[in-house]
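In what comes next, chain A is part of two complexes: it sits with chain B in the first one and with chain C in the second one.
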Partner chain A sequence: MTRRAEAGLIVAACLLAAIGVAIVEFTQGNWLDAQVALTFLAFAAAFGGVYLAVIRWAPGASSLLLPLAAFLTAIGFIEIYRLDSHLAALQRWWLLVAAAAGALVLWALRDAGVSVLRRYRYVILAIGIGLLLLPLLPDSWLVYGATVNGSRLWVRIDIPGASRVMSFQPGEVAKVLITIFLASYLAERAEAMSVVSRKIGPFEIPEPRHLGPVVVAAVAAFLVLVYQRDLGASLLLFGIFVGMLYIATGRSFYVVTGAALVVIAGWTALVSFDHVQRRIEAWLDPFGHFSEAGYQTVQGLFAMGSGALTGSGIGLGRPDLIPAAATDFIFAAVAEEMGLAGSLAVLTGFSLLIAVGFGIALRSRERFRKYLAGGLMLVIGLQAFIIIAGVLRLMPITGLTLPFMSYGGSSLVTNMAIIALLLRVSHEERT
Partner chain B sequence: MNTSLRTTTYALLGAFALLIVSVIYIQAIKGPDFRDDPRNVRAIAWLTGRQRGPIISADGVVLAISTPSPSDPKLYERLYPEGSLYAHTVGFTSVLFGSRGVEQTRAADLISNRDATISGVLNGLLGGDTKPRGVRLTLRDALQTVARDALGEQRGSVIAIDPTTGAILAMVTYPSFDPNTLIGPDAGAAGEALERDEDDPLRDRAIRQTYPPGSVFKVITAASGLDTGLVSPSSEFADPVYLRLPGSESTISNYDGRVCDNGTSVTLKFAFVKSCNTVFAKLGMNLGADTLGGTAEAFGFNSEVPFEFDVLTSFFPLRGTMQDDPPATAQSAIGQRDDRATPLLMVLTVAAVANNGIMMAPYLVSEIFTSEGVVEATTEPVAWRRAMSPASAGVLADMMEQAVISGTGTRAAVPGVRIAGKTGTAETEGSAPHAWFIGFGPLGAESGDPQIAIVVIVESGGAFGESATGGTVAAPIAQRVLAAFFGVTDTR
Partner chain C sequence: MPALFFNIIKLLFLLLLFLFLWQVARSIRSHVGSNPGVRTDGMAVELVILTGDTETERVRIRPKGHVIGRSPDADIRISDPYSSEFHARVGIQDGDVVVHDLGSTNGTYVNGRRVTSPTLVTRGDTVQIGKTILEVR
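Showing the complex of A and B:
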């Protein structure tokens, strides 16, 4: 695909967002107003900006990534705007910040390339773990952790002077930093780790000392679960660990062990935490727990079922009835108002993004870039899968944002940074 | 190395394929179950929670209105302030029991046009009004109330109509129900109780029930005789106690089992006034099944009545089925045997007599108005069919007036107003007779045309039981409604 076609698709995504906002305004009984223009301008500035950064600093990059990201962001934004126009106004600012972050990544790596990240891998790991632990800071500090919906994922900063509070989810950024570290670590150790020393039954077992990373991964994920009470983040983190180990070594042993550990950890969590228990019960029988833990899941099913094939129409459904519709349940909100047509478009968008991202990894000639691209795509793909599967009741619901689509600054910034890194990796394969 | 990467890619894409299958299952296959779940507020919101336009009576009384819900600012609540009085005409919109009445037939006007359909968007962009419209009915609340009170707790119905336009002025049915109970939190239990009720309060007896018309059918038999020129009011008929029906053992006698007049001969007019079966049975046989059937069909029997709602078709034995059966023709001529009529068709029948033989199409909605109160559409009266010649209608009107002055319909008389009418006492198997009255007025008014036609039917004799007649049970109800219409307070 040419750069010109890419630009055309980006403009189409910007128009999509603006038209969506216009339809919402109309169904609320308003006329076309500044919101439509502001939305178009914000999208054009954000994605146009990254597009220009690509032309300037990574001209060989894949032209498929940005249009897909823009499309998913636009669909999500329309639904956020429909649910809460104030949130959407904030999200517009976050979109600009995210685009700036993406452009910054492209600029920072313009000469040295992604390989420069390998040099700082332990610094990156330290920052990643630090960010992961940040929400555990006591409440009395200037920068402190906060518990939202039973999970301690947030960090708030009281800005002195102004009575404003800034809050963000450091875990979003941490998972990218940890992925970068893993890619770099595995690029060096993979061969050693894939050496088979003995067999137990059908499984080929590597040297015990190479098991270290897996155990570390399990322990880290479990600790996150214990202290932050966040099922989704720990599952995602663990999935990234196991997935990258498998990509690097090709040993299904890691996947099997990982799955076993998830089951054990999950079981332990089930018996030790009330809130996990309630979630499992609500998953198995949401209608029986309608007035309590099953409420959100059931409202999601009601929304999707009511949406049927073509949806209620943007602005004409009742996605506001779903708790956390703009964040965790944005998929159900889109499915209600845009119908099966809309939900399939979203799933297709993610599938294409995964195909493009892994395609970049497959074509990479160098281990680190291969693992980095694969790992980053795993972050987006797994996260999207875990939250959508939860909404569709294929697994218990976990609090995760849907990449590009959910409301949330940290999430949007992180995912744009991931796209920028993928763009850079694809550029380096062309040069 | 690439192998494991590929496997991972396929695994992840496979996982998304699973999501696609699952979302198709939820939205396309299981969707209706989730949509219709009683706990899903959306169904309620979509059906009943949207703002709907008001429905008002001809005299401006609010019959249905939407008010913002106190519990959910995005929802509206529908209120029917007059309760059971307009249950069958205004209707209701209920999640569990569907939509009925004008609430159903005029839903397109009553619901906001503000939607995301292409026409809705275009309408909005072109500056069209997207707010819900209001509906003004032809029913007059004052008359409706009198009709309900006059009928009281007797199963049956009362319809009043403007004979020159077809506008329905009052339409009540007993038993009725309170539509508010079908949309509230206990709608399920209330609705099931109504469905179980043996008196079937959900049925609109005015249009969804047929009865043997009995003697009110004599209006049609007389019209047939007058129109064909076979008889005039002064035509002489024999006056036996029993009329022997040829080719059978059965006979037809008059209501009281006596002769009609003097036992020798009687005029058609006298027989009409006293409602003598022997004369009209004989007239029916003289006319023959085909001629009588033709007139019945001219009056709308065996035809679908054009109306706001589906009207049960009234029945007169089809042509050809009674050709060689004079006894059947005789019984059909006095509104018995297989004759069946809705109250609506009988009021249209008498309205046609009042309107020079032209039967107007009945209508219930007079205006559609915008949220600003500007009238957007008005119903234009249309003639449905010519039932008889103007001359025959004039003669019939005169005979009917005499029936109210000195015949069976004296209890429908309104002092100071010339009223025409015909009673009916329809024998029914297994129950007391149904009491009928049809009439109209005023005759010979300076303004010209009669202003109101009325039908009253009281099932199974009402409060009078076996001793009931159209004259004793139905005529007084008509009198109260007619008196109220003409503003007469002293009816003695």
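Showing the complex of A and C:
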């Protein structure tokens, strides 16, 4: 696809966002107002800006990543706008910040390329782990951790002199940094790690010392679970570790061991933490726990059920009844108002994005770039899978944002940075 | 009447979503799919023998390819007891470097994995024949 066609698709996605906002206004009995124009301008400025950055600094990049990211952001934004126009106004600003971050990544790597990241991998790892631990800071400090909905994921900064508090989720950025580290670590070790030293039954077992990273991953993910009480982040982190080991070595042994560890850790968590226990109970029998832990899940199910095939129409449903509809449960809100058709469009959008991302990884000749692209795609793909599966009650609900669609600055900025890195990799590996 | 109007708007919007996806999906073919291998356009690709008893140390891969094996008639002759007479062929197909196993007894390994069908290789990949290891550069 040409750059021209890409630009056309980006404009189309921006128009989709504006049309959605216009429909919301209509159904609320208002006429077109400045919101529609503001939305179009914000989207056009954000994605148009990244598009220009691509033309300038990564002209060989894949032309499908940006349109798909814009498409998903647009659908999410419409639903956020419909739920809370004040939140949507903030999200517009975040979109601009995210685009600036994406362009900044492309600019920073314009000469050196992604391989420069390999040189700083231990610095990157240290920052990543530091960010992961940041929410554990005591409450009395200037920069402190905060517990929201039972999970300690947020960091707040009191800005001196102002009564404003800035808050963000450092874990969002941390998982990207850890992925970069893993990609560069594996680029050097993968060969040794895929050597088979013995066989037990159908499984080919690598040498025991290569198991180190898997065990470290399991321990790190478990610590996140214990200290930050965050099931989603812990599962995501571990999934990224195991997935990248599999991408690098092609040994199913790592996946099998990983799955076994998840079961063991999950069981341990189930018997020792009551918040995990409540989640599992709410998953198995949400209607029995309607008035407490199961409420959110049940409201999500009602929303999706009432959406039926084509939905209630944007602005005509009641997604505001779902707790956290603009963040974790945005998928249920979309399913209610745009129906099965709309939610399938979202799933298709994610599938296409993931296919393009893994395509970039598959076609990369250099190991680091291959693992980086694969790992970054795992971050987006696994996260989307875990939260959508939670909303659909395929697995217990874990608080994660749906990439590009949920309201949230940290998440949007991170995902845009991921897209920028993928763009850069595809530019360097253009075929 | 407004209900009908809203219904039409709703369906039109969904149609727009899928039109967008259709446009993307149409051109996705060229973006996915597996490794295109080493494009040889104009650039020399060499086969370097890393370990093993042979007279050849490195050879530039020519379009019609090289047969590697223990036979004196092989293009690249290796004195390796684990190699077959005509063990494998490394050639260029549509600009990609391809390794064919020629029905050898002990197999041909690309990056440590046994290959039975023609396999694309890229720079940095290793090809193992018996105890002889070659690298594509």
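Note that in this section the second predicted complex is superposed on the first by the 430 of 431 C-alpha atoms of A that agree within 3 Å, B and C clash if a C-alpha of one lies under 4 Å from a C-alpha of the other, contacts with A are read in each partner's own complex, and residues count from 1 in each chain.
Everything that follows uses one rule, which is that a contact is a pair of C-beta atoms (placed from the backbone, for glycine too) under 8 Å apart; a residue touches a chain by one contact, two chains touch by 3 or more.
Note that the coordinates shown come from a computational prediction; the quantities given were computed from them, not determined experimentally.
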{"item": "Touched partner set for A:Gly113, first chain B, second chain C, both or neither", "value": "neither"}
{"item": "Partner chain in contact with A:Gly266 - chain B first, chain C second, else both or neither", "value": "neither"}
{"item": "Contacts of A:Ala355 with chain B and chain C, given as first, second, both or neither", "value": "both"}
{"item": "Which superposed partner A:Pro67 touches (first chain B, second chain C, both, neither)", "value": "second"}
{"item": "First (chain B), second (chain C), both or neither touched by A:Phe302", "value": "first"}
{"item": "Partner chain in contact with A:Leu9 - chain B first, chain C second, else both or neither", "value": "second"}
{"item": "Chain B versus chain C as contact partner of A:Phe290, first or second or both or neither", "value": "first"}
{"item": "Which superposed partner A:Met338 touches (first chain B, second chain C, both, neither)", "value": "second"}
{"item": "Chain B versus chain C as contact partner of A:Phe26, first or second or both or neither", "value": "both"}
{"item": "Residues of chain A at both interfaces, chain B in one complex, chain C in the other", "value": "23, 26-27, 250, 313-314, 316, 339, 348, 355, 358, 362, 367"}
{"item": "Chain A-facing residues of chain C, complex", "value": "6-7, 9-11, 13-14, 16-18, 20-21, 23-25, 27-28, 30-36, 38-39, 111-113, 122-124"}
{"item": "In the complex with chain B, residue positions of chain A that touch it", "value": "23, 26-27, 29, 190, 243, 246-250, 290, 298, 301-309, 312-318, 320-321, 335, 339-340, 343-344, 347-348, 350-351, 354-355, 358, 361-362, 367, 370, 374, 378, 381-382, 385, 388-389, 392, 394"}
{"item": "Complex contacts: residues of chain A adjacent to chain C", "value": "1, 5, 9, 12-13, 16, 19-20, 23, 26-27, 62-64, 67-68, 71, 75, 191, 194-195, 250, 310-311, 313-314, 316, 338-339, 341-342, 345, 348-349, 352, 355-356, 358-360, 362-363, 365-367, 431"}
{"item": "Chain B residues within the chain A interface of the complex", "value": "1-9, 12-13, 15-20, 22-24, 26-28, 30-35, 37, 39-43, 45, 74, 114-117, 121, 124-125, 130"}
